[in-house]
Amino acid sequence: MTTISSQIATPAPTYDPHARISGTVWLKANLFGSIWQSLLTVIVAAGLIRFFWFVLDWGVINAVFYTTDPDVCRAATGACWAVIVEKHRPMLFGLYPYDEHWRLVLMMVIYLVTVVISLWPRFWNLRLLVPLWIFATLSIGALMFGGVLGLRYVATSEWGGLPLTMLLFTGTVLIGMPVAVLLALGRRAPLPVARGVSVVFIESLRGVPLITILFVAVNVFPLFLPAGMEVNKLLRITVGIAIFFACYQAEVIRGGLQAIPRGQYEAAQSLSLSYWQTTRTIILPQALRISLPAITNHIIAAMKNTSFVIIIGLFDILTATTAVMQDPLWRKFYVEAYLFVAAVYLFFGYALSLYARQVEKWIASGRI
Amino acid sequence: MIKTKVVGLSIMASLMLGVAGAPMARAGSGDTLAAVKARGEVLCGVHPARHGFAAPDSLGKWSGFEVDFCHAIAAAVFGDASKVRFVALSSQQRFPAIQSGEVDVLARNVTATLSRDTALGLNFAPPVFYTGTGFLVRKDDGIAKIEDLDGAAICMAPGSTTERNVAQIFAARGLTYTPVVIENNKQLVDAYVTGRCDALTKDKAALPGVRAFDTEDPSAHIMLPGIYSKEPLAMAVRQGDDNWYDLVKWVTYATFNAEELGVSQDNVDEMKNSEDPDVQALLGVIGDNGAKLGVDNGWVYAIVKQVGNYKDIYMRHFGPYSPVALDRDQNALWTEGGLLYGFPMQ
Amino acid sequence: MTDASPGRSGARPARNLKDILYSESFRTVIYQVALAAAVALLGFYLYQNVIANLSRQNIATGFGFLDQVAQFEIGETLIAYSSRDTYGRALLVGLINTLTVSAAGIVVATVIGFSVGIARVSTNWLLQRIATAYVEIVRNIPVILQVIFWAAVIRNLPAPRQAIELWGLGFLSNRGLTFVMPVAHAAHVWMLAALVTGIVLAAAASHLAKRHREATGRYVDMLWPSIALIAGLPLLVWLVFGAPHAISYPQRQGFNFAGGATISPEFVALMAGISLYSSGFIAEIVRAGIQATPRGQVEAARSIALRPRFILRYVVLPQALRVIVPPLTSQYVSLIKNSSIAVVIGYPDLVNIGNTVMNQTGQAVEAIAVMMMVYLIISVVTSLLMNAYNRLVAIKER
Amino acid sequence: MPQSSLPDQTSTPVISMRNVSKWFSAFQVLHDVSLDVRKGERVVVCGPSGSGKSTLIRCINRLEAHQSGQIFVKGLEMTDNVKNIDTIRRNIGMVFQNFNLFPHLTVLENLTLGPMLTRHMKKVAAEDLAMHFLKKVRIPEQANKYPLQLSGGQQQRVAIARSLCMEPEIMLFDEPTSALDPEMIKEVLDTMIELAESGMTMIVVTHEMGFARTVADNVVFMADGRKVESAPPEDFFGNPREERTRVFLDQILKH
């Protein structure tokens, strides 16, 4: 119980944000405590001002925001944000047939709406979520693949850009989390063989770089299948990233499992609950709550890890951007393009961590 | 935990060694042609972006010299050249992809060599394109011959025959160089264009495409004259499936022979009425060439009608008005001093 | 754990079949046998498929290729290598390059990470905010994007002819960083030996000083004598050899620079990318470590009148390191693994060379197996070292 | 070991332990313990810490497995037969020292979990049952709170109610009051006394000698894994036979 109560007891804040302190006191305490402090503050502030002035100068004042002529950009001393305007479609959608890009836009809208609704506790009820996900899966599938309703068929090898990143990420989490839970349970199982299998699996995959796992998924795995059997490459890659993700996540969940006091198992046993009943209703709900912050970190890491597919030539948003930056006319403005991609990742990463913080609050207040 | 890690390690090691040390045995062959027919399309492994040979346009439609040979196979099998699915393969992925059956045929700038024929378990159809190692350099560096590249940084793709050829070319002349080896083609070209390397080396035939499409000012780059190695590019299939190999081989010959017999995309319908027995056999008016290969007797007609003969294909992508203009040189028929020699189709 | 020692249960032997079927110990065995059999069968099935696939297509197998001649050159090697060496040696070159870039990356990441981590808990609000922003940004941008970005930055530096000159000490160009280097001299080996000797002597002297202090209670400050030993001995050797001071200056020559030493663009880009990325995580680890030492500890140390230096040395550091070192090690391992993205920008690390080998030989299974094994060994060795360290510093508790 | 604890009544015991021994690796925690508990009987087990009293009752519902001897519950032998274990556990409720409530479930959910999952009761019926027992332990108003929002005494009463929801015939109490602040001990003991008065068969491991004196039919004293003495409370407190019992009682009653 101590673990849960320590979860609920929020750490005492170092300072009370609502306390009204006078500005001078605050300044003295935080910026000008001593001579050295003040000196440091001045130097840092000077550097900061220079930096922000540079950003303003380069990124706003002298920047070109819209033009179709790269020479206009060349003439400017500031940033060329026009490259993003000009190239946003190949960057965001990769090799997907140009005329069909509207399908990807629609897909992303459906995807984001579905995800946002699913993350909202108010809508956590299966009668809403199950139809929603069936609808989302079917419509996203129809939009991405086509071949129905008069939509042109688009093979997975032509998918790309941000939608691909989203699908890889979603697939990784949806496939990886159950695998992670199973591996974590296996590693804590009363059966030595199950423990052994899980340990070998987890440790050998955690010991190698993701790249080698992608190599296996792309180059070696097909050899493991009987002749004539084929598994879609995109699926193989997704499963590869998912299993890699699961091995790290399993260790996090194991930490949560270890934190559950023995008494919880005993109480469940004395109520005559079976192993799976105990795991499902007593152990996992607590273990997942305990390890939530670490789980979130790995989920965000999984999103970043999707970018590794550049190595095997999948056209995610990063690969697509590097390809776009091949255009000799716009090549010079790679900084702007990569900043844009970085901003996309930062945005989604930040959104995820904000949500995770909200979930922790909900847990603390007993809402979930 | 350490103990378990070590155990895991040794288990994995023994697995890997077990796979590798397995005895070799010849097993029955798969039937690719039947599989292709059942699937309704040919899976063709192509280069992700090599102008002139294979590249998707901005609408995602593939075009190029090798792409057309994929279409030719589809035309032969289905009578419909469009029944192809293109699988873009990096140089690293190409051999595992054909070995594992991810693609039916590799039309991806593969140089036919002995070790690839044997150790990789490939079978090579007749070369469709003869080329050699070429070097793209900046004009204002004042490089005129290979000796001028002494000490240069040279960009190249890993695992290509080029990588080995350059090592030999330089070693034979007592020259040194620094290889910059990058798998991702975009990154590779980028490294040359931005000036990381003094030279970009690829198959000679691939360099004009880079110059035309990837450099800011194509006229600022030149290709070194001379041919430094043999690079016969050929379509490759898996070993152990002779029927499929035969088909790919004869599709190649058919394009040669059609050109030799003067059967082109423009005149193929008229030529169907030709009195020449060779033309008649070629176009399936007489004989049963198609049946012997397991396809429709009008297979060559379909190829020429929908894709063209060798010359049609060549001119479409390397003709004088294409961005990647290339002289035919060795890639002319034997009758015109080139190396293309189609076996008789009797 | 749901149940204690199922193996030793059962007050009396089972009497009939039904009893056996329902007995917990029997079920435990059955489940495990079933699991083991399933795993074994799956393994056997996959193995069979690989063998069938490889042999049907007549693909070469085995590790014999490691002894074949590689026939390709490698851009950066720290050991002698030419295209006439074997694939095995080429892979070794790659491994050494992996370790080199990782070692450099670890040093840089640690320096930045500790600085930022300390700034994160600084009492200066401004500095603390900047450190926080830095951590959030470098941690949340994919490492591969950072590496590609730095590669692009360096490629877009001027060509050697217009190289940026660095105060006469070197040049920065799209061929990397070229800088002055002392001309190799026999003295250098001896200086290195002197350095090692100096460190050993300094350690011994400190130990003696400690014994002296324990015996007599008198404190001898060994800080400056130690510095003198470590820095002075090599200096002395250098003077003995007549102070060889020939220095090789890089000169523009042909396509590139002659003389001096050069760090390749790929090395710099890769190292910058992976070390900046890791530095964000290290900063967080350091912050957690610093905050893990309760204030009371420092106050207690002050109350027994320890000097600040001793408070740091004997109270704060040991406790902080205990919190910092384990996650730091796994961060190092992950940095080593991240170095494998060298393949994207063309630094010849293990994976990049392995990639070439895979292409040349067509033996994807074996080549990938070699790569995986090497990384697995690296991480196992690291965790062994880690465990040894943990045993060393573990707080003795009951 | 004398078989002195066998009561002279003729009805068959609901719990019967014969020469039960248990080891934790090399350490023997139970030495040939025999004990009979009849229907409606209230047994208090006491003894110094580490004497094996908790282990003893944990063997009865197999939270620990004994290694020799026999345990019968309602005539069914406790072996490693999973069916027997399940049947026996359904008949036995257990209350722990640390309550072991499920902190992520509300009080009501804690109570309905067992009936719904193992007895396959409908949700409504299980909630009715739960409210019935919550009223019995006098905290029906806390039904929708989370365990950690309750006081220790309230939590332990919820734990008792949770066990009762399984409608067991026997209740085991493993030091139910030793984790509680003094002012909360009484409310829990009161609940237990009411339960005893309703005729429940109970085995209680406790240091509350007052409870033993007023409620127990039989007091068992354990030391070093052995059953040292077993007697009705008046004999046990008034005239202990064994020296060890006397020493123990002296220590515990002095304060």
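Note that the chains are named A, B, C and D in the order they appear, and that numbering of residues resets to 1 at the start of each chain.
The criterion applied here is as follows: a contact is a pair of C-beta atoms (placed from the backbone, for glycine too) under 8 Å apart; a residue touches a chain by one contact, two chains touch by 3 or more.
Computed from a predicted model, the values in this text were never measured in an experiment.
The interface with the greater count of contacting C-beta pairs, when A-C is set against C-D, is A-C. Between chain B and chain D, the centres computed from C-alpha atoms are 80 Å apart. The centroid of the Cα atoms in chain A and the matching centroid in chain C are 25 Å apart. Chain centres here are Cα averages; for chain C and chain D they lie 56 Å apart. Inter-chain spacing, taken between the CA centroids of chain B and chain C, is 41 Å.
Touching two or more other chains at once are residues 1, 5, 9, 12, 30, 92, 96, 99-100, 183-184, 187, 190, 194 of chain B. Across the assembly, chain A contributes 204, 207, 219-220, 223, 225, 227, 269, 310-311, 322, 325 as residues in contact with two or more other chains. With touch defined as above, residues shared between interfaces to two or more other chains in chain C number as follows: 3, 6, 50, 52-54, 56, 148, 152, 156, 343-344, 358, 364-365, 372, 376, 379-380. Under the stated contact rule, the graph of chain-to-chain touches falls outside the line, ring, star and complete shapes. Of all residues in chain D, those touching chain C in their complex are 20, 63-71, 77-85. Touching chain A in their complex are the following residues of chain B: 1, 4-5, 7-9, 11-12, 30, 35, 48-49, 56, 58-60, 85-90, 92-93, 96-97, 99-102, 183-184, 186-187, 189-190, 193-194, 213-216. The touching residues of chain A, counted against chain C in their complex, run 30-31, 33, 37, 40-41, 44-45, 48, 188, 190-194, 197, 204, 206-212, 215-216, 219-220, 223-227, 262, 265, 269, 275, 278, 300, 304-305, 307-308, 310-311, 318, 322, 325, 332, 334-335, 338, 341-342, 345-346, 349-350.
Of all residues in chain D, only 61-63, 86, 89-90, 92-94, 96, 98-104, 113-114, 117-118, 146, 148-149, 159, 162-163, 166 touch chain A in the complex they form.
Looking at the complex, you find that chain A touches chain B at residues 90, 95-99, 154-155, 157-158, 196, 199-201, 203-204, 207, 218-223, 225, 227-228, 230, 233, 310-313, 322-323, 325-326, 328-329, 331.
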